[in-house]
Amino acid sequence: MWAYIFRRLVYNVPVYLGIILFVMAALRVNDPIWTYLGKHATQEQYDQFAKASGLDKPFLRQYFDFLSDVVRLDFTVESWDQPGIQVGKMIRAAIVPSLALTIPALGITSFLAICVGLISAYFRGRWMDQLLVFIAVLGMSVSFLVYIILGQYFGAFWLKQHLGMDLFAISGYPSGGLTMATWAYYCLLPILISVIVALGYDTRYYRAVMVEESNRDYITTARAKGASGPKILFVHMLKNAMIPIITRIMITLPFLITGSILLEMYFNIPGMGRRLILAINAKDFPVIQAFTAIFAALFIVTNILTDVLYAIFDPRVRLQ
Amino acid sequence: MIAKFFQSRGARRFRRNRIAMASLALILIYVAIALAIIVGDLLTLEDTMDRVGPANLPGSWGSQTTEKRFEDIDYYLRQVERALYRRQAGQIIPRRNPEEALKELRLGSLQAADHNPVATRKRVDEAVALFEELEEYEDLDAEPEVLPKLEELERLVAAFYRPAGAMGGFSRWLELSGGTDRQGRSIAIRAIYSIKVAIQVGLVTAFISILVGSLLGAAAGFYGGWIDHLVIWLYSTFSSIPNLVLLTLLAYMFTGSIFDGTLIPIYVAFCMTFWIGPCRVIRGETLKLRELEYVQAATAIGFGKFYILLRHILPNTAHLMFINFSLLFIGAIKSEVILSFLGLGVKKGPSWGIMISQSGQEVINGFFWQIGTATALMFGLVLAFNILTDALQDAFDPKHV
Amino acid sequence: MAILQVQDLVKHFPVHGGFLGRVISKVHAVNGVSFFIEAGEILGVVGESGCGKSTLGKSVIRLLKPTSGSILYQGQELSTLDHQAMMPYRKKMQIVFQDPYSSLNPRMTVHAAIAEGVRFHGVVPDTEIDDYVQRLIVKVGLQADAGNKFPHEFSGGQRQRIGIARALALKPDFIVADEPVSALDVSIQAQILNLLMELKEEFNLTILFISHDLKVIEHFCDRVLVMYLGYVVEELPCHRLHEAALHPYTRALLGANPVNDPDDRRPLAVLEGSVPSPFDLPPGCPFASRCSERRDECTIRMPPLLSRGKQHRIACYAIDPITR
């Protein structure tokens, strides 16, 4: 077991090195300083910038320097666009809003999708199942952006205009801390939109898992022994379907950090995703580089966690 | 070999699925439209930029407020006036060659009905008089006598125009069927042109991704050894960067370069993100196929590894390639929408992504025509592909999730 | 002159695992097997699942590279040849597989499957290929229109016929038949075996016939090798199996077959004990843990394969005790 974990850790190291290499190379294809300063900058300004940011050093040197920064969790490098503000500070400020969106979204989606999946599998083939699948397919054929725009319009604007209900904010985020009330006001609408969008995909997945389980012989045995429908559903099927369900949830964990980029942009919620997009638009090189490295690291950590959890639940994996 | 594929068990199961065949037909219609645009010049890029009328006209079954109708009349009237007069040093003076200008007057599929400047000038004066009368009213909805006057004015102004060309009437109807956007451009025309963009992006991206992904995956699975380790390292690396971040990073890479403004950044970004899916799938399938006895039989006959890969392994993964092609197509279309919203997608000309992201502002004002038309056309294509994917999976890969 | 002479053939498969995925153990599939086959003979190889007989068959025709040992085919050493040098021998040595459902490419028509190797090796001129394939199809007992059909349109027995046609297409002298009838119904088994016998007579083939069913081997083969966990424990002519078999394992195999006489109520010989793991073979005879005749020396060293005359060899300390 520990050998397996160790192997996963060791294996992911060259992967992460590769990511950082790729990201750094990609960002330097177009000289970041010229891109930031613009065409009318002078050579003098360029040299100044290069020296200050370390971009005048050879690439390999920059690579190792950056790697050592990341490993030591040293994010004191400053943003170009907002000089004086360290990247680390930006990260700390941006994490909470992101999580305030994504954790509830993940929780609600998983819960609802499993329920709908169970219902669908239970009524497999009958009209309820077909209807649910049909709705899911329809829902998946519309762009996420459309859901956001319409959701924002109807959920916040229309309710306020036509019904006088100020349930959800059109956009924005409380500048002080978060309370339950402000969270519901600012974050619930984007969360609901995200849930609706993800529901289609997740439901189909869980439904397929449940259908697979319900075909198994032990279910037939249970029915033959006289077990009732709901009991079979919850006691037997759900328990055995837990492995693929948990795997799925684990796989979507990385999206906790990044999946809300669009929502953050549209609803002006100052999370990690929005910070990154703003940095890209401002061509703020240090921020882009640091944020991407962090996203990738978080991704890899969750991947390793997934592998470990998988190994715990499914003994066959450990024996590989 | 392709003919044999269509005779196989799976293909026959697919053909029996009528909804799937209907979806395939719909997709082919879209492709035909795209081809007609690219090769047959059904629509040009300029067509999508032309002003066809006043801004924010609603579509075929929309209605307008009296305010809006008034503004529209203003626009139509002004176009005619501009053919007759021009501004010089702050003064309005008659044109030197109004007949010429009238002949060349174009508003989408409309042209001037009467090229006689004298007669036209008289009617313009009539219309302007009525216009200024109506301008006096504070609230156009308040007085009952406004409405007939408004309609009279509309008739007058409409008489200035007539449809151009043989298909003019139909063209005009088509132009206005989806309404116009903020800049008076035809939403329907732009949405239809976007089919070309979507098909282009989808086809090129899916094709290249499948090609690269399958070859790498098959090579990795079949030869094993360092090729396998390399390919696994490659796709682990790429898949560890969240899709959207990778796409934006790659698209950003191209800003300011010579490729900026073409579709090349999109192609590169998409292909580098989407090759991973087919690679994984084909590699898994190759690992499975490698152990089968007919592969061993081919080795016993004396065929080299490369031949076996090409002739025995890859054809038996073809069904997975089709399924993934369909999935990637959908992914490409949807990702284009998101990239365009972030300002990194299609830069020149319309696309569904650009239309949808521009419509965000309009929706606040209750104008749903742009988002509606674009979404409707996109919905048709994506839904057809979703159904196609499901049908393909049911037919060829019954154990799928 | 022996067409095939195998000397001390060994095949081990490495198993990866551990911290860095290095080799942590080996599957000892074939452990020093020696035998020969005369031209025109049918040599059977019998044993339980996992005894290495399939591995032996595949190693002999170089589908697998032997770990060590020598394989002499018509005097030529095969074990060290590279891919190019093996080519002419590929034509002469072919194989028929066990599983009719995975031994044919589902995307190739019957005609294409058979013609593939013919075209590659130039067995007949290109213009004659279609006729040649068609004749083969008829010869193995398939319908004349079978050529354009796909494997899934045929039954198991018919697919085996296709596999046989494919093997014969290269005009080989030597065929390894790897459990060709094990996956078929008994009635079909007889048909396929008869077909094989006819073809063997007509084309003067030499066959290495692998099976786990002693009755089939008895019926079909001239001589038989009895294998256990990678070793040959006995070798004798088939017509003398019942009277002359001496090795405890062979006797157990013979006794394990239910007899067709309802009045014969002799209890079936049942082996006790457990089979050792092929990963970790204990020293000595691999059968020792289940053998009723076990002696002390059996667990120390593997008994050598010694001749007893009349084409009979046996590896057993109980039969050939160590003489001091």
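The first chain written gets the first letter, and so on, giving A, B and C; residue counts start at 1 in each chain.
The working rule: a residue touches a chain if its C-beta (ideal position, glycine included) is under 8 Å from a C-beta of that chain, and two chains touch if they have at least 3 such contacts.
Only a predicted model underlies this, so the values are computations on that prediction, with no experimental measurement involved.
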{"item": "Chain pair bearing the highest count of C-beta contacts", "value": "A-B"}
{"item": "Chain whose mean Cα position lies farthest from chain A", "value": "C"}
{"item": "Centre distance in Å when chain B and chain C are each reduced to the mean of their C-alpha atoms", "value": "62"}
{"item": "Inter-chain centre distance, chain A versus chain C - centres from mean C-alpha coordinates, in Å", "value": "56"}
{"item": "Gap in Å, rounded to a whole number, between the CA centres of chain B and chain A", "value": "28"}
{"item": "Partner chain C, residues of chain B touching it in the complex", "value": "1, 4-5, 7-9, 292-294, 296-304, 312, 315-316, 318"}
{"item": "Touching residues (chain side chain B, partner chain A) in the complex", "value": "233-234, 236-238, 240-242, 244-245, 248-250, 252-257, 334, 337-338, 341-344, 352-353, 356-357, 359-360, 363-364, 371, 375, 378-379, 382-383, 386-387, 390, 400-401"}
{"item": "Residues of chain C touching chain B in the complex", "value": "58, 61, 63, 83, 86-87, 90-91, 93-95, 97-99, 102-107, 109, 116-117, 120-121, 150, 152, 163, 166, 170"}
{"item": "Touching residues on chain A, where the partner in the complex is chain B", "value": "12, 14-16, 18-19, 22-23, 26-27, 29-30, 35, 137-138, 140-146, 149-150, 153, 157, 205, 208-209, 212, 254-255, 257-259, 261-262, 265-266, 273, 276-277, 280-281, 288, 292, 295-296, 299-300, 303"}
